[in-house]
Every structure is written in structure tokens, then in C-alpha cells.
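Note that the chains are named A, B, C, D, E and F in the order they appear, and that numbering of residues resets to 1 at the start of each chain.
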Amino acid sequence: MIVYLTRREHFNAAHKLWVDKWSEEKNFEIFGKCANKNFHGHNYDLQVTVKGTPDPLTGFIMDAKKLSNILKEKVCNVLDHTNMNLDDNFLPKGILATTENLVYYIWQEIEPHLDENCQLHSVKLYETRNIWAEYFGE
Amino acid sequence: MIVYLTRREHFNAAHKLWVDKWSEEKNFEIFGKCANKNFHGHNYDLQVTVKGTPDPLTGFIMDAKKLSNILKEKVCNVLDHTNMNLDDNFLPKGILATTENLVYYIWQEIEPHLDENCQLHSVKLYETRNIWAEYFGE
Amino acid sequence: MIVYLTRREHFNAAHKLWVDKWSEEKNFEIFGKCANKNFHGHNYDLQVTVKGTPDPLTGFIMDAKKLSNILKEKVCNVLDHTNMNLDDNFLPKGILATTENLVYYIWQEIEPHLDENCQLHSVKLYETRNIWAEYFGE
Amino acid sequence: MIVYLTRREHFNAAHKLWVDKWSEEKNFEIFGKCANKNFHGHNYDLQVTVKGTPDPLTGFIMDAKKLSNILKEKVCNVLDHTNMNLDDNFLPKGILATTENLVYYIWQEIEPHLDENCQLHSVKLYETRNIWAEYFGE
Amino acid sequence: MIVYLTRREHFNAAHKLWVDKWSEEKNFEIFGKCANKNFHGHNYDLQVTVKGTPDPLTGFIMDAKKLSNILKEKVCNVLDHTNMNLDDNFLPKGILATTENLVYYIWQEIEPHLDENCQLHSVKLYETRNIWAEYFGE
Amino acid sequence: MIVYLTRREHFNAAHKLWVDKWSEEKNFEIFGKCANKNFHGHNYDLQVTVKGTPDPLTGFIMDAKKLSNILKEKVCNVLDHTNMNLDDNFLPKGILATTENLVYYIWQEIEPHLDENCQLHSVKLYETRNIWAEYFGE
């Protein structure tokens, strides 16, 4: 009996999409207004799903409060109210803060800290109500 | 051609998380304020997905109205405006009403009543906007 | 220049609607399933609006973080994960925890703690996505 | 490293559910008020997911703006502010505009136009907040 | 002590915007694709607010269930799954089913049926997530 | 007969809260993480309400499409994907981009462009799901 549990958290951050080795012209051709010089920002909505067998006594796969604390400590507190291009965080240098890249690197931050009896299933990140990415660890 | 159809329903219920054979101290250590003596409650949002091949004439996998009626009769009418710890329902005695346990037992209630030509795919239950569980029958 | 600022908070609580001096029959006639003996519960969504003139330097009517802290301390921490019929809170004895009554008594709790240069404008409380009440202090 | 990217779009359309070769009585028995003669309508919410490996430089699976343009051109502009029973569109004659059928035929419209390095993963369509269908191409 | 209570209901309907005495050209100039011949449709979200003094015993301005029943009987059951241009309803002939007109005529339908001790405060109608109208009876 | 019509639009922007003539210490004391050096950002949700008497023929107070175009041209296109501290826009120099200030200055931008027969009623701006401001022109 495998059950999936999801916890939602939030962070607000600035970013821009810009490849240094490209010309300004090429950056705007590829990224449009997302390349604007002085950054823009989003309210990010993070949804992380773990899976496992509920404990017979507690009915928990993993304490949702503990999962929330991991997400806050490892991801939200690191990115919230920051500029993902300029401030230090877990994104390697040169890796753009697209939603596609973010879900992959957020997975790496969270995965080592989960309870032994449950597995990380997916990391989903909404950049706006109209665009989101999800990563399943593969 | 397999299509997935989801129907959403609601119920509002009280519960608390409490293991009888544990001390009060241990219950609060594990469950925090969810162990408060006099219960608390939630607006539960239930999303049940079935899968099958649409009928060539009706374009239906299963009449969504019929699915809605099964969810109401077997789940929502049983749990709505009840206390899931004290009132009779389909949870076995001693099984706590966590979202993880609820999705498993809701599956058992719904699965025998679906149309023959479609299968239950998942039961998803939101306890709040920030926590939900899903069960896929495995 | 008067601007209105709203802050949203949440609490989850159990309640039932029951008038002690009425018969069981009359209680169910008036309150329906809301009178069920063992309580039910909701995810309450609280939206409190203050009004005032933004400070020329900070652009704040009132620090939204401070407003949030007042709402948490005076309302959410008092009601969250409680039973509004059985647990001690700011509702006078015998006053039912309907949304209509709650917005009035929440107003009384919050109003004395706001900054001097801003006024409480409204207290709005969602019991479900389909029912909410609002009080403007009159 | 496979990441899933979703883009949401909208269209508003009229339809009714009606099988010509059935009697009026049978149509109402099967479809209820969805068979009403003069049509009704919905705000449709379309969510299309593609999967692929983010480009090392751009961090994109596929430009979300390009995906949005495909969805608008091939689906939303065709169906928006139309009657899906009477107006010309990509639904074959005699195929009813149920959500189950729509997700299948929307898949056929979108799939040939995606970038080579990414695959269509799913087409999800909300007819209301309470009913939606999803198709994964199988 | 005046409290405002809101109840939300839904209906799905087809309509088009078209003035008979205008040319096709003028209709499209004024109404754009809303003038399309074969209609389109929406999921309408209706929010009706009443105001009054909560009853000291029940804590109710007006039973929200009774308010819901009035909205269903007088408005939703009349308009749901209909074509607001072609089917009989409470809109006078020649009055277009814009959200602005609908809130005015819905007010007229509801107002005579409310409890004596409470007043209709507003009728709000969402046509989409991006457009809505409200009428306060003046 | 006065009806209120609301149109919702969006923009995504970066900002920080920082008063130049204050010390870093005082800025962080007043603004907390909103003062972080490299900015952060939000998905802003703008809701603008106009009021007037519906035209007897069109049922319109004002064409919602025209209202949408004014909001896009005067506000969203100016602020979207910009840094409200660094980029040129309609905020006077030294005025911080708090939601309270934004609703006031957005009002000034929109008000002169509305149709003669309708009035601007309110400008509401959501910075997050939990904080928003509204201005009524007084």
C-alpha cells in the first residue's frame, strides 16, 4: 500500500533569463522580455510529493510538518526574497533559474533529507498560474 | 485510447490525531496541535479519477453524474458534518483519519461500484490548500 | 488619500450549531446536519482589511507583517486546531460559532491592537468556498 | 534528466450532448440537461504538458511562449467563442464534444507541432471546477 | 450590529451578444467574437450578499441553506444548461445577457424572496476569472 | 441603475523596499527581507472596477475589452517584466512600490482614459494570495 503525500510551500524571488556568451540581440530573440536587464519576479508555488506506506499507528508516511520544515529550510528560506541570478543559492553558476532547472536542483536539495521509509516522488513548481514544471527524479 | 476522467466533491468533517496506547506527552510530541483533545476540522476536497475508453456514441468513459452520485453516497454523505474519530464510518476502529489513510479507505468504498468498462485510477484528498494525499490502488 | 490593505490568514477548527434550550428535534429543524452531535469542522480563511494614508517614506499604511502577527496572536492561535464550542476562546458562552458571529467577535479582538494611524475597515471570514460573512464595525 | 513543463490556456464555448439517432427521450435519459436543445456552455481550462531534457544553455525544454502559441493557434482560436456542435473544428462529424473526446482530439492537433527534442506528455481539460479529463497518448 | 453574509452558486449557460436592428458588420465591430452566430458559453459564478443583524440564538442573519435554495430555484435552475438568448427566462426580450444586465435582473428575481429581517446587499456574477459585474440595488 | 464592472489583468515585476536616507540597519528593521539588496519579485494580480449605467442596447457599461486594453497599455505593459525600483515607470522617484502606493498611482494612470459615461470605482492589487491593497479615489 503506497500512498503519495504532497506539501505546498511558497517563495517570492526575482530572476532574469540571460546567457552571458550571447549578444543582447540573441538574448532578446530567445528570451523576450524575460531577458530584461533589471530583472522581474514571481510568486513561486512549490509542491513536493513523497511516497511510502503509512505507519500503522500514526497513519503517516512522513510527518507533513517535518516535510514542510525541510522544504522551508532547504529551499524557501534560501530563495525567498532573493534574486536567483545574483544571490548565492544551490543553483550552479551559469545555470539559469528557469522552472525546468529549478525543479531539478530543488530535488537534489530535498532528497537527502527525507525519512528513510519514504521516497521523493516529484517536485512541482508553479512560476505563474499558467506555467509550471515537474521533475520525477529521472 | 485510454482517457482519465476526474470528478471533484467535498465534505467537511472533524477529527483529531491520537493513539490511545500512547501517553498524552507522546501524542503531542508526534501529532502536535492535531492531538488537541476536543478535535478540529477541515473542508476536505475529494478528487476521484477513473480511466477507460470513451464510448463511441456518448463520448463518455462513465457518466460523470453517476460517478458524482457514487462519491456522494459512499463517501461524502458518510463523512460530511461528522467527527471521523467518534462517528461510525468506513474507517476501521483504531485507524486514524489522516489523509494518507483516508485515500486508501475511500478507494475501497468506491472501487466496487464503478462501471465495468472503466477502472478506478486514483483517489486524491486535499485536507487544506497545503496538504493532500493520493492513492493509486497499489 | 485613503488606501485599504488586506491580510489573509487561516485556521482550522471544529464546531457545531446547537441551542441548548431547544429540543433535539428543533435543533435539527433549524440547523440541519450542522447540529450533528460530535461536531464537524472547516478550514477558515480570514481576511482583515485596514485603511489609512500610506506613510510618505515607507509607503505603508501599517506593516503587513505586524498586521499578520496581530491576526495570528489574537485570532488564529486562539482558534486553530480547537473546538469552538468546547474550548476557551473569545466567544462569550452561549454565542454560537456561526460565521456571522465570528466576524463580529474577531473584530473586537483585533481592533484595539492596530496602529494609531490606521483604522479597522472589515473582517471577512470564509467558512467554505461557498459561504462567508463580513463585518464593517457598524 | 527529464522535466515536464505545463502551459495553461483558456477558451469559452457552447455545446450540447445529443446523439442524432436516439429519441429525445433516450437523449435526456443518458445526458440529462446536457441534452437541452439550445445548447449551454463552459469556460474551458486547457493544460498541456510536454516533457524533455532542458537545454544546457537556455534551461528550456521548449519555449513556453512557443507552446502557448501552438495551443492558441491550433486549439483555442479554433474553439473559443464557438459552438462545438455547429461550427467547424477539428472534431470529426458525429463525435460529441465531451471532455473525454476533446482531450483526445486536442492531442492530435498539438502533437505534430511540438519541437523535435520534446514530447507531448498529456492534455488535460477542465470543463468546470468539478469535472476534467486527461489523455496521455495511449 | 450589521453583518453581511454571502452565498456562492453556479450555472453554465450559452449566450451571444447581438443587436437585431444592427447590421452584422456593426455587431462584430461592437461585440467582436461575442457576436459569433452559433453562441458560446460560460461557467457563471454567482455570489449573493445579504445583510442584517444575527439572531441572538441562532447566530444567523438568514439560514444560508435557505438563501442557497432561493438562488437555485429563482436563478440557477432557470439559467443552468440553457441558452440565455433563445430559452425563456427572466430577462426581458431584447435585453442582452451581459454580466451587467444579468446582475440587475437576478437582483429583481431574488429580492422579493428574502427573509423580512434581512436585506439584499449585492449580486455579483463572474463570467470568467477575468470579468465580473456587481449590482447594489441602486 | 448603477452597475460595477471589474476586469482582471496581470503583471510580474521585481522590487525591493528601501529608503535611501536610512541606514541599512534601519531599512532591515522596518522592511525585513523586503529590503534585500538584489530585489525579489511577485506575480501581481490587478483588478480594476468601473461603474456606470448599462447602455440599453449593448448592455455594456464600458466594453470590457477596451478596459482590458487600457489596463494593459497604461499599466501592465509598463510594469510587466520590469524592476519597479530601477526601470522607468509612472511611480515618482523616491516613491516605493508598495501595494498601497501602486494602487494610488495606477488609479492616476487609468482614470483619464475611461469612457465618459462611466467612472473609475476602485483599483485593487494582489501582491500575493495573502496581501492586497485597494484604492477608491479618495
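Here is the rule we use: a contact is a pair of C-beta atoms (placed from the backbone, for glycine too) under 8 Å apart; a residue touches a chain by one contact, two chains touch by 3 or more.
As the structure is a computational prediction, the values presented were derived from the model and not from experiment.
Shared contact partners of chain A and chain B comprise D.
Equivalent interface to A-B within the set D-E, A-F or A-D: A-D (over half of contact pairs identical by residue number). Rounded to the nearest 5, the angle that brings the Cα atoms of chain C onto chain D is 180°.
Averaged C-alpha coordinates give centres for chain D and chain F that are 34 Å from one another.
Note on chain placement: the centre of chain C and the centre of chain E lie 28 Å apart, centres being C-alpha means. Each of residues 129 in chain D touches at least two other chains. Of all possible chain pairs, those that touch are A-B, A-D, A-F, B-C, B-D, C-E, C-F, D-E, E-F.
Contacts from chain C toward chain B in the complex involve residues 10, 12-15, 33-34, 36, 38-43, 80-83, 86-87, 128-129. Residues of chain B that touch chain A in their complex: 17, 19, 30-32, 95-101, 103-104, 129-136, 138.
Against chain E, in their complex, chain F makes its touches with residues 1-9, 49, 54, 57-61, 63-65, 68.
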